[in-house]
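Let me give you the structure first, and then I'll get to my questions.
Read from first to last, the chains carry the letters A, B and C; within each, the first residue is number 1.
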């Protein structure tokens, strides 16, 4: 059983403790380093954010307080919170909130579970494991054009693969776009297909920190794959799972591409003939770009940000124990 | 397989693909053919109404300022050979064209207009977006200022009005092509249903849309297994196009979708057709729809000129089984574009001259001959090569005449700012009924509600 | 030892206890799951790769062939001809080159700066750390579609419109990368090592270079791959700010898709050609970094 830092990673310098004879200048440098280096290290991110992330945010925020028309820049008037008030009372908006949240649950949960299972399996010494590991990432590599094409074919009413398979067991052809739950299920399939490998790779990376000996010992005890997954992999990966859950939540709140592609009506952003799968970002796009109500669309964007925060906060509070220590020692 | 072997495999395949790249990259197609100089002469002669653009004898010592004109378009406008010519006759002008996919092109344009920069000197705008954009005429150059008013008589009324602002004082575009509207039908399926198959007879079957639906009912009774038409939205739109007033009170921002009896009549007839089972309930461009073409799952489809190329490409096996009759009312249009000049542009005069050249009737004829886009200029429509055009794929139907007439007959209809989204709301309503989600009355009420919301 | 190892160790203990109880009860041991593992993986890989396979199949057909029903499932012989058409229609070689420049730059900068920031957030103590981390997470929550307009205005002001810089710089360091690196550092770098390093008089940079980076290699490999892929596939922003004269590969594909109707063999041939470089990058680097280093990396 391993204990303590392994030889490979220990630096070769410890045998004799260096005498702490630093002169004043060095001590000053040392303190400055301890104090300021963190800020230097995080600076690139924040500089870029201030440069390119903050302006769009503030611009959108400002626009949301006006009645700005998309194609009439400069003549908008300040309307305060009017857009937000209208939004809160807007049935169409709450419909999209419902759709987004439903899709979030339908997509995230299976995706993460599958990703975990896949990563666990891929962690072992499988034959052709590298090809398999790369293989699961292919959906994310596949271009949008191909994805749209393939899934349009698969969920096609008259000649699609799924309806054909259902026909074999005597079920009538389903119009996947038209139904509330059928459309959401189809979109969930698209999202899960596309993002499971992505998360599996992240889990795979994190699993490398689990000592191989643990798995070997478990195998010696004749514990099967699933037992190993449950008792060894899962506890080690809790923080990573929390991380992917957070990222998935944020991504699902902004779900845009898959529902857009799924709507067969050309160029439609209404999420189906009855808005059955219109998500918040589609709604934002429709209001801002198709109808030209940029102020209203900006309000949707900001409300989305606030809601994402709220949800993420709730999620964090619920899983707080699982996040793990921050381990600030240096 | 050990690590080394895998590495070798990867490198080998990389090399193989590099060879593919090289093979494909070399031997690029030859450059565009040199000018068809005689046509240019014809073009200048016909351009009696346009402002003087030809350079006279160029003094070789005087170097005009070099200007780069950018033009953004989508699909296939067929302008490449004309650019070469124009650059030859205007040596100080360089033309750079960017082609993009339809939706991408328009959303880029809208983004650039909203951001106040990045649009090209000439932007092509399709019918689907013109209503939204001409409602913001300040974003574009008013071509009337450059004397475009003289060109009005070249165009069918609806085409000229299509890019005219609501108050009629600002013209933002010059028409390039039109779709026109006709009814393409399958002669073999009609024969099975014991209906006439000659184009003239078929056109006589449906002088009105009501008669069209009646024919459909007769067709259904013959039980050929095919639907009468592909999608009910086409039936609805075909009728709405022919109305004097559609969703807006002309010249205003008042939505009259709920009050307009013409809209209600179009809706009701469409509902009747759906109830009678005439619709194939398909959605255009989807895999099902394409397959339906190939299998003959529907007998008629409202088709604009550009649909012919599509049918030929997607269903080549159906050659000779199609014919083209007039659409009920013999007037209609689906598609077509304009060339516009965003106000952001820095070389507006030069851009205008180029746009006039490209949309001149002579050029439109050339485009028709090479790419098949149907001309929007009336003189071009009457050009013999257009008017007498026949395609054996479509049983030599006189498409040149049919589409031309439908475009010329179409009365202009005022399309307000939110015409597009309102139309979409109504179409969604029809789709909901087709899909069985809602009953016609409910769906109409919902559609009106959505339309009002879109227009707010 | 790392948190991960600790968690698993506890798990193994529980597993052992469980096994002993079962053994005591006389139950037989479980099979290793081999029968379920391989078929499942094969199924998954088939599902995952089908659209890519389909892309290549269509890309090697002619347009009338794909119109038939059922459509062809095996590749045809037309790939070179379609590829040639791609190169005739757009300057595809330039697009690929640009995409490599863009994706490569973004990946390099992401790896460097996100690992640095992740290290700082994970292991260094400084005032405002938690608040700033929240800000980082917050930046991930912004929907991008509306941001296009102000960002374009900025690019125009900077003079970067239609320049590759406009596509590289805004996403050079992402919130996702920072949080991911922080997460990985917490999990993979044991505090004892850092303490030992400090005692040896290591500066923060020295800690980063000698202790953190080696431990982070698998995570960085993952982040590098994901970032490269995402940068390669990014479409919405590049298509607005770049011109088709100096495009990335996705912008070029949009030009290919222009047509009165979709010329699928052409578009998918372009797509196939656009996917090849990324598969190549995966093949060479992914294999070497992930599989090789993962085996010999941090051992508890």
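Keep in mind that, in the parts below, a contact is a pair of C-beta atoms (placed from the backbone, for glycine too) under 8 Å apart; a residue touches a chain by one contact, two chains touch by 3 or more.
This one's a predicted model, so the numbers in the text were calculated from it and none came from an experiment.
Asks: Need the most distant chain from chain C, centre defined as the mean of C-alpha atoms.
Replies: If we average the C-alpha coordinates per chain, B ends up farthest from chain C.
Asks: Which two chains have the most C-beta pairs in contact?
Replies: Chains A-C share more contact pairs than any other pair.
Asks: Calculate how many whole Å lie between the centre of chain A and the centre of chain C, each centre taken as the average of the chain's C-alpha atoms.
Replies: 13
Asks: Based only on mean CA positions, could you tell me how far chain A sits from chain B in angstrom?
Replies: So the centre of chain A lies 39 Å away from the centre of chain B.
Asks: Among the residues of chain A, which are close enough to touch at least two other chains?
Replies: Where chain A meets two or more other chains at a single residue, that happens at 130, 159, 289, 294.
Asks: Give the residues of chain B touching no fewer than two other chains, as numbers and ranges.
Replies: In chain B, 6, 114, 116, 285, 291 touch at least two other chains.
Asks: Out of chain C, which residues touch more than one other chain, so two or more?
Replies: Residues 69, 149-150, 153, 257, 283, 287, 291 of chain C touch two or more partner chains.
Asks: Give the list of chain A residues in touch with chain B in this complex.
Replies: Chain A reaches chain B through residues 70-73, 92, 128, 130, 152-153, 156-160, 175, 178, 264-268, 270, 273-274, 289-292, 294.
Asks: Which residues of chain B touch chain A in the complex?
Replies: Residues of chain B touching chain A: 1, 6, 103, 107, 110, 113-114, 116, 128, 132-133, 136, 138-139, 283-288, 291-292, 417-418, 420-421, 424, 427-429, 431-432, 435-438, 446, 453-454.
Asks: Once bound in the complex, which stretches of chain B touch chain C?
Replies: My answer: residues 3, 6-7, 10-11, 13-14, 17, 20-21, 23-25, 27-29, 74-76, 96, 98-102, 104-105, 108, 111-112, 114-118, 285, 290-291, 294-295, 306, 309-310, 313-317.
Asks: Can you list the residues on chain C that touch chain B in the complex?
Replies: Touching chain B from chain C are residues 63-64, 67-69, 79-80, 83-84, 86-88, 92-93, 148-150, 152-153, 156, 161, 239-241, 243-245, 254-255, 257-262, 273, 276, 280, 283-284, 287, 291-292.
Asks: Okay, in this complex, where on chain A does chain C touch?
Replies: Against chain C, chain A makes touches at 1-6, 8-11, 13-14, 17-18, 22, 30, 33-35, 37-39, 41-42, 44-46, 48-49, 51-53, 55-57, 59-60, 118, 121-122, 124, 126-127, 129-147, 149-150, 159, 193, 197-198, 201-202, 204-206, 208-214, 217-219, 221-228, 230-240, 243, 246-247, 250, 253-254, 256, 281, 284-285, 288-289, 294, 297-298, 301, 304-305, 308-309, 312, 324-330.
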